[in-house]
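Supplied in structure tokens, the structure appears directly below.
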């Protein structure tokens, strides 16, 4: 099995970074009541309290249990109670019953967080080695992933409330206009994908390897809500020609006619009366913003419909094509788009007219045509942390680029996210590709 | 349709009684966190917060909306949000999603309660008529029913927590010994059942009517945990001879081997290691106490097994037999057993050696052999409150006598409770009967 | 436990009756292909081949195995393969997989029938005793029940075929007119129910016992398809006021708007275009015929709707009321209605104008307001045949009177049929009752 | 959209080939009763009668309807009744109810076959063009696929019968010994995959394209039943380390401990008592034969377990690696293994000791590590036949090489089969690969 990459980080830098990431998580939970933090709204989602506890479990189990002299857990039962899926650590509380655990209460979980933070801080004062630092960095990356999940799971919960409660009341959209979509061509040929050298990366981004790309083009920006309404108006959800067979079954079984969180309860004169639930409450659909909360089935159907409309060989990009393009962006991957830090918590319209690829990073995760599979020669990390990625490499599709709920520094050109083809509660959208 | 009985209650007495019942409900919720009050642990159960809100909804909707001058609801959406099943009142929030409503929070629901209490108090100061008084009494009886459900639903939630949290930590059982079971004979012949004259009763207790009883006998006390262990030790859960066909399917589908909340995680030297979850936490099985948390299927199987053991025509009592016997008890129906007011919140052993029927009231609801059906000439009340009872008169069995979670004054000889044959989360037990 | 009634039947009479009943079953299967006989169309139904085999299993297992000298089964595995639910006989092939058994084929099952018939015939030539005779009669009654089930199960299968195949092509309805419904009054008071003395009866019809009836009236005839259309036209399937809570859930879950087998694919000018699948193929609804293929939920809802329309205390009859009335009919119970022997295989319009109760026997099973429960002092028969009735006495409602698929001689005034409240594939209808 | 490849086949050759393929299908159904041909044993399987009808539907709908002068269908309803999933052709009878169609009977379906065969024969006598010939070839390839499905679906049905009926009674295995497994190394580098030029291929095998392969090795032969028993004996089905997360859920949900059709009902001294259901009845496991009826989850888990046992980078091959290796085999792809024509209908042990790749073709379909996705630049065929492959390109894994139930000439190096990760009823096995 694989050995994790070793990072040579300065200990005080790491402690500082630890404090910042942990504080961000608490800040995200700050506007929530104990009740908001308690409920699990569906099997795929977890309660906020569970997120707060589980990321703490990660540090206590994988770092303190190993490196802290005279280690004693905060509460012996928490090892089982807040284990997500690590078979190597032992039993897990059933996923479907995470919302049933009303005790420990939110205050006790926060006390646990504070105690673990103090113990980590103490540990880092006198201990520093590559293995500890690497596991700590992994724990922080893990916590950033749960920051995004905390928001998407919370959104799913709030959206079930007929009172349409807001997480943050202000509505931040400015009055910019979406730029017309254009294409950026790539000649194809030999390319590389996978993590390159420095900095943290998950095991699923390795090994870096060579591959062949066909000539192709990528759209300059994601598909917008306005464009999606055209798909809907053209009967997109009622025509089996656009859908995978499994997607068509899914549409009919659930009688779907729009993305997740849409309702037809608004002013009929505005976007046909369609409204959207956001973390700022329910609002009219804004046609300028990137479409969000769609499944892979929907993204794929849209691409096929668009190909027919334009008589062009349009499709979803592969993850190799996406990564190859992102490699050309440099720092623009982190500056063009709208990440967690903006506080918008909703995909934003393109704010500038510049040519070339826009919003590859942030705003919406972009579904690709690629199944989530191991790279050639892939090895998971050794030990229980090796259960992080590899065991999910089947029956899922890759998404790229991060969203408006992803911490900016968490994203890389090589970063791979993955969800099943019917998942919609993430901030997922799409960007089109075209055969040359 | 029927007209509700009119009660001539003194207005200040009624106001006092209102204040007392409402305070009891709040007191039951007092030991709970907001998280405890939020969660719905299964479809059949409701969150404590929902119970607190729904009983308040009853007063606002059925009384204030009708009698309060210049009525304005506390919040317009609560009419739908906290309607349980009254089609006549309009839409209902889906039952399965009661636990998803994190807002209004617990504090806001309590504020609603306080406001409604003040408005009812004001109303009663200047208004008094039979219809108002009758609806108010119905609302109080309704709230008492929800006091019991609040406890049984909460118990179901806490029991899912592997930490076995206690609602009240003290364990109240004294060291009395269960009296041997004996029989009380009844000659049969003409009898009457149904509510007689004065005082409140639900529509399902009417009309009072005559019927014929066969000669029979009733057991002096409910079946105990110790007796139930003998049934289990004899392979009771593994032998189809004792079970209804539907009951046997149920046992095998769920792989049952004991009543609800039992686990085999205790000292093997004590009752085979079986423990019980109670509102005081997890404790060893006490063989002296009435068996509780059994379904009708289990009660019925036990009776058939016991008949075979003793070669006697033993069975469950009919509700007519039960009510006929209870009529002979007078005030003893309310004094022998252990009701909500005792604070035990668990069935207690028989504390005295007296002859005759014991513990008919309180401790455990007693399953009967009777399906829950309308009495001859039954009419539901007029209006939306007519949906209270009649529309549930199918596919349920009758229980009688109240439990350790029932307010004492709530019980009558004619009182009919009802649950499906597989329900176990109520404080349900059994008393045997015998053909003469 | 109970001992079965002993019948003193002449041996050659019994042999003759045996031959006749067995031949009838084969005749019912004669128009069917091997494929028709093979398929199980839903969990509640069984394949024709299974019916042919199971009734034969009954004779081989309960009679030949016990009385035949040197008994050897036709095929040792058939004892398990064709056991329906008799735990006392041992394992059963899973009910849901009855249609999977393509071997033995139909010819082999028929060969088994022939062999068992010959062995029974031989047995009866030299052996006769009360126990044998009683078990034989039970086997014949059992086979008659399966004759009806064979037809209703087959109808369910054929109705799933979009080609609407006919079992018998001729359509037998004559052009009579349905008589207007009238009432027959009964004064109430002491009555008796249960089997009286002579002739065969199932254990569930005993013991005969006394009971009190309220004054009431019964409708002269069943509700017709024409009257049912009025209920539908008045929005009966869309108004929760008429339905039990569980019934309303059932209607909405399955989006029901008509009885089973109805489709709106006919001439819109005739009965709103509604057609009916019958054993003669798909035909327009005939408003003169008794409504059929309704559940208890529907029968009960119709009665409540009709009570509201007429402002009269209308409801379903209890089984005691029904049996009391049937006792007054004498032989008319068997002569007024249309049984299996007529070959119509569909309820027929009332063919004469006579006053008084009509069609109590035959045409449609009539749902009652009574849950299927044991009579006071009920004991099942001893041994495995004791599993015949008693273990189903929960969560079912009683139907009375037989149908167009019931052999005429199979019906008695005391005969109790029973099905769950959502079952519709039997020839089930309703007759109204009224409080005095 | 794509245009299908045009084949320049001699008309009389095509007619001859048509007659041969059609006769083979009938021959496969010859040993079956009408009941055997009627039943659908699970949602994924279809009745033999449906297979016989559906392949005929293909010729009538896609060829006769288009090319036959004065076309009239055999029966107008069959166009809907036997359409599998072609939305472009119109409605389809629900897949789950294929077994409910007892009429048309088997004889009528065979009559339809004969009539369509005669009409095709007549058509080919006077009409020949590329489009017709290509569609006819597609129809024959389609029918060959259904020949295999007919056998695997039938096997699933017969295996549900506790009598273990045989399709063909003789048991053909000879006494050869399985050769030890060895590795064949491939250096990697640029390779090509996809159909090359001549002969028929499905659209999913195009376009042929270039790609990069890493250095790797393939096992000389598939994994055997004996090797699989070692995996089981080592607790393979009880250890989460070997399984994908979704696979581990699947194992526990279904409580699996062996491949499909295995039972532990044999002589404990032989292979631990494990037996196997085959088309020749139930037989002891033969350790020399390739393991069969495993899911992708099982194949993948075995590879991971084997990697751990050997400390080698062992895994499943990608489909590119498999195809690259198969290209080197030439005619040996069709001569080494055991196809439908052998009549064995079960994977056979390796019959010779030769070095190099063995049994790449035939015996068992080999699961690969590749998701079933479109090749770069893939276009489905134009028209309704374009629904053949493309719309299934999600959530499935690729299998290669054909099986003991595949017609020999049906297989190519570029042939792609695909099934979901939990499918086991095909003749599916595995061959290991290794990173260099």
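Per-chain numbering from 1; labels A, B, C and D assigned in written order.
Quick note on the criterion: contacts are C-beta pairs under 8 Å (C-beta built on N, C-alpha and C of every residue); 3 or more make two chains touch, one makes a residue touch a chain.
Everything quoted here is computed from the prediction, not taken from an experiment.
Undergrad: On the document's contact criterion, could you list the chains that touch chain A and likewise touch chain B?
TA: none
Undergrad: Report the chain whose mean Cα position is at the greatest distance from that of chain A.
TA: Ranked by distance of C-alpha centres from chain A, the top chain is C.
Undergrad: So the centre of each chain is just the mean of its C-alpha atoms; given that, what is the distance between chain A and chain D in Å?
TA: 38
Undergrad: Whole-Å distance, chain B centre to chain D centre, using C-alpha means?
TA: Those two chain centres are 59 Å apart.
Undergrad: If you average the CA atoms of chain C and of chain D, how far apart do the two points sit, in angstrom?
TA: Chain centres of chain C and chain D, defined by C-alpha means, are spaced 47 Å apart.
Undergrad: Where in chain C do residues touch at least two different other chains?
TA: Within chain C, no residue contacts more than one other chain.
Undergrad: Treating touching as the only link between chains, describe the layout with one word: line, ring, star, complete or other.
TA: Looks like a ring, each chain touching just two neighbours.
Undergrad: State which pairs of chains touch, listing all of them.
TA: Pairs of chains that touch one another: A-B, A-D, B-C, C-D.
Undergrad: Where on chain A is chain B touching in the complex?
TA: It comes out as residues 33-39, 41, 49, 77, 80-81, 93, 97, 99-106, 157-158, 160-163, 165.
Undergrad: Inside the complex, what are the residues of chain D that reach chain A?
TA: Residues in contact with chain A: 85, 87-88, 209-212, 214, 240-241, 243-248, 296-297, 300, 313, 369-371, 373-374, 376-377, 379, 391-395, 397, 421, 435.
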